[in-house]
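Both complexes shown next keep subunit A, but they swap its partner, so subunit B is in the first and subunit C is in the second.
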Partner chain A sequence: MMSETLRQSLDLSIFWEYRATLAVGLLQNLYIFLASASLAMALALVISLSRLSGKMWLRAISTCYVELFRNTPEFVLLIWVYYVLPILLSRLLSTQFSLTAFVASVLGLGFAYSGFLSETIRAGIQSVPRGHIEAGVSLGMRERTILRRIVLPQALRRMLPEALSQLVSLFKATSIVSLVAVPDIMYQVSMVNVDQMQPLPLYTGAALLFCLVIITATQMIQILSDRWRRRGWA
Partner chain B sequence: MKLSMDQPVSQSRPIVECRNLRKAFGANEVLRGISFEIPSGVVLSVIGASGSGKSTFLRCLNFLEQPTSGEVFLDGEPMGIRLGKDGRFTRDSPANIARMRAQIGMVFQQFNLWPHMTALENVTEALRQVKGMKRAEAIEIGRQFLGKVNLSDKADAYPARLSGGQQQRVAIARALAMQPKVLLFDEATSALDPELTGEVLDVMRALAEEGMTMVVVTHEMRFAKDVSDRVIFLHEGLIEEDGVPADVFGNPASERCRRFLSSVVH
Partner chain C sequence: MLDNFNRFVIPNIDLLAQGLWVTVRICTIAFAMAVVIGAIACLVRLYLPGLRIVAIAYIEISRATPILVQLLWVNYVWPELFGFPKTVEWAGIIALAIQSSGYLAETFRSGIEGLPRGQVEASLAVGMSRLQTFRRIVVPQVLLVMSPSIINQLAVVVKASTLVSVIAIPDLMYDALKIVNQWFEPIEVLTSVAALYILTIFLLSAIAKWVADHFREKYGLDAHV
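On to the complex of A and B.
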């Protein structure tokens, strides 16, 4: 028999009560996710191509980049970008320089995940058989055309499941931006909690909400991408 | 006194000419000085044991491998290299190498069709991207060449849905659609099940009859004997035997060639 207090604390209706505030918070997570995912993917493409480049120095730089960002915790990176980077830039440019918490979050998460994603893209590119490239070469195609028309379209299909799981991690990682006071869902939850003193239903609700959003999104993407990937690989 | 190395002018200038072609991978010298020329319309078969340098030789012709030394000429134009002001050859620009490669078709052992494109898209891709054709024009030509290899009904099929023989025929159509001056075949039937080699060999035979200039690296002695105008036997990176099929197969001068043929012809 459940005690009255336990039943009360598991009553998620308070989460529903504050849905408007919490939705505004979740929207912040989505914005940060979209911005940092775009940044991460753009950087990752450049880095992965550099890692496969024929130029030694380019490979060296990009390898250092990947190792640095893959092995630094997102949280440390976020704090560093938010607090340290502005000081560094201010001294370097000798002007006052500051980043909003939102921009710092996008940069921090974008950098962090570009490291992981670039390795995924690199593996995808390397999985394209040498012969497919040679077929293009022998027909007189230039390097850039081969990359754009033959290598990347195949690499993208092959790396999709892996990239998807990294994007899921990125979305989950957006929950740390509340620590630099971006008004995201975790931030809103803690604000409501200060008022209501009901951590159990509020944080449980937040956890379930993240779960729900991610499962829904990945299921949808899976269905769409499977249909696309299956073309030509049946 | 010799003024130049130029050969006397012949009526038909060779489509492909090799002069003292050498290729080494590190210390391993795979080609050790190969010279020959192929006039227009000639089908040349290259035979030899595995490791004799056949494939490397073929890949040097379109510069998929850069020769260590020696020259290849396509229709009189040096392939992949350029004569500098100092009288020495240097590597040509990527644009020029690509332009020359577009005139040489190549068919691979593993077909190498692009799996994310349909048969028709495989054929039209280079027409669009290299020749800069409009979509409609490329499709028209693509269908025409798929028809030529008897695959009109498979235009919209992805390679994974095609048999090995069908894939190789699409690959031939892809190379042909560029209207190359010469077509290179790198063991085009070796990856096929025995019952599928026939359909590919039939297409190759038809091309030979139309007067296509072809260099065919092959294990199909029957094809080399029946279809080619000339046969070269390679041994350890050198041309060991060179002649018309009747002589090479009937009465080879080289003892090695004789032994090789008796080991493969039953």
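On to the complex of A and C.
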């Protein structure tokens, strides 16, 4: 009995049968990942720089921002952006305003991970020795030039392993977009399941697929960061 | 807005309180289970070479699958495969426990591996048995050094627990969504619930940070956050 169900749950042929549909779903995950990762990176860079700025009010605002988004569950944020944000914006702008599930997902995940990423970037920037900045100043570089040519390149290398593992978490988190009906992989799996009533192979297959993607990604990051470390980068 | 708050949040406060209780219950049990399973996985990985590969596979798989996928997997596949869990609540608890146990196992491991080898050697040299060494020298220090990251993991559990509403466990998020779908007035309810979650998680992270700072000052330990 048990071995029969085990065989059933591991018989992934149904997964292969629906490969086209499921691949379309996985592609949605990838799109959402790319869009929200870009958004998160851009926001995180701005926030981390303002957390290190000399202006008190900028530091205060960005600290609140980081604490807010680091401590919000992704799912709550996603639901909030999807349900509440359009209404608030409509009232504020007094026009009809709506968000598609896709855009809401990108915004929700992008904001959520910008909090984590900005802390990573900040740590990277702070790890650049002060002497380098002073050297830049004494050479007569402008603040912007110092940031662009001395601080950011070094900070970027140092924070890469950590930032990449944050991005892996972001990819994992994209699975929740199915809950606001973005047709991602988990959404497709549940649709096929409604059709075929075979939850065992379908959900086991989905779990294994995520494992495969994530473990491959983390292994590659591991290999890359070891290589960078040997070169004295990270 | 305050008007709506009075209309949708205050009258449903009992329902939300019930949901909150379910959330608290799930998080507590799941976290306790995660600590135990995580400790076992870590010990097997470090001290039982024969089963090491099993422990590594368990830790890696539990960390590499998104919590939603695990939740659905445990909820749909386990009852047929193993005959339990019988209720959705236990399915949620097990999924949360599996997820966190993987992370905690790695936390414990880095704590144990971070101890200076000389300490273990010294305690063996003064005639303590391996078990005594582990109990008196290793465990207390690992718990001390790692307590901030253990507390942080509790915050992660609370965060992930918002998803158990998906398999129809009546937690705080589930009740909030129920009210929203009843009245189609999402702003006040969702914002209040979000604020409650954020506050709870912020508090847990703040405690973790405080503990880390405290230990650094008091024992000179470089506690991990």
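Operating definition for what follows: the second predicted complex is superposed on the first by the 212 of 234 C-alpha atoms of A that agree within 3 Å, B and C clash if a C-alpha of one lies under 4 Å from a C-alpha of the other, contacts with A are read in each partner's own complex, and residues count from 1 in each chain.
Please note the rule applied: a contact is a pair of C-beta atoms (placed from the backbone, for glycine too) under 8 Å apart; a residue touches a chain by one contact, two chains touch by 3 or more.
Here the structure is a predicted model, which means the values were calculated and not measured.
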For A:I32, using the defined touch cut-off, is the partner it touches subunit B, subunit C, both, or neither? Pick first, second, both or neither. neither
If we overlay the two complexes on their shared chain A, which of subunit B and subunit C does A:L117 touch? Say first, second, both or neither. neither
Check the residue A:V182 against both partner chains and state whether it touches subunit B (first), subunit C (second), both, or neither. neither
Considering only the touch criterion stated at the top, classify A:P153 as touching first (subunit B), second (subunit C), both, or neither. first
After superposing on the shared chain, does subunit C or subunit B touch more subunit A residues? C
Does the superposition put A:T145 against subunit B (first), subunit C (second), both, or neither? first
Under the stated touch criterion, which partner chain does A:P129 make contact with: subunit B (first), subunit C (second), both, or neither? first
Touching A:V106, do we find subunit B (first), subunit C (second), both, or neither? neither
Where subunit A meets both subunit C and subunit B, residue numbers: none
Complex interface listing, subunit A residues touching subunit B: 129, 131-132, 134-143, 145, 149-150, 153-154, 157, 231-234
What residues on subunit B touch subunit A, complex-wise? 62, 64, 94-95, 98-106, 108, 110, 112-117, 125-126, 129-130, 158-161, 171, 174-175, 178
Contact footprint of subunit C on subunit A as seen in their complex: 2, 5-6, 9, 67-68, 70-77, 79-80, 83-84, 87-88, 172-173, 175-176, 178-179, 186, 190, 193, 199-200, 203-204, 206-207, 210-211, 214-215, 218
Touching residues (chain side subunit C, partner subunit A) in the complex: 60-61, 64-66, 68-70, 72-73, 76-77, 80-82, 155, 158-160, 162-163, 166, 173, 177, 180, 186-187, 190-191, 193-194, 197-198, 201-202, 205
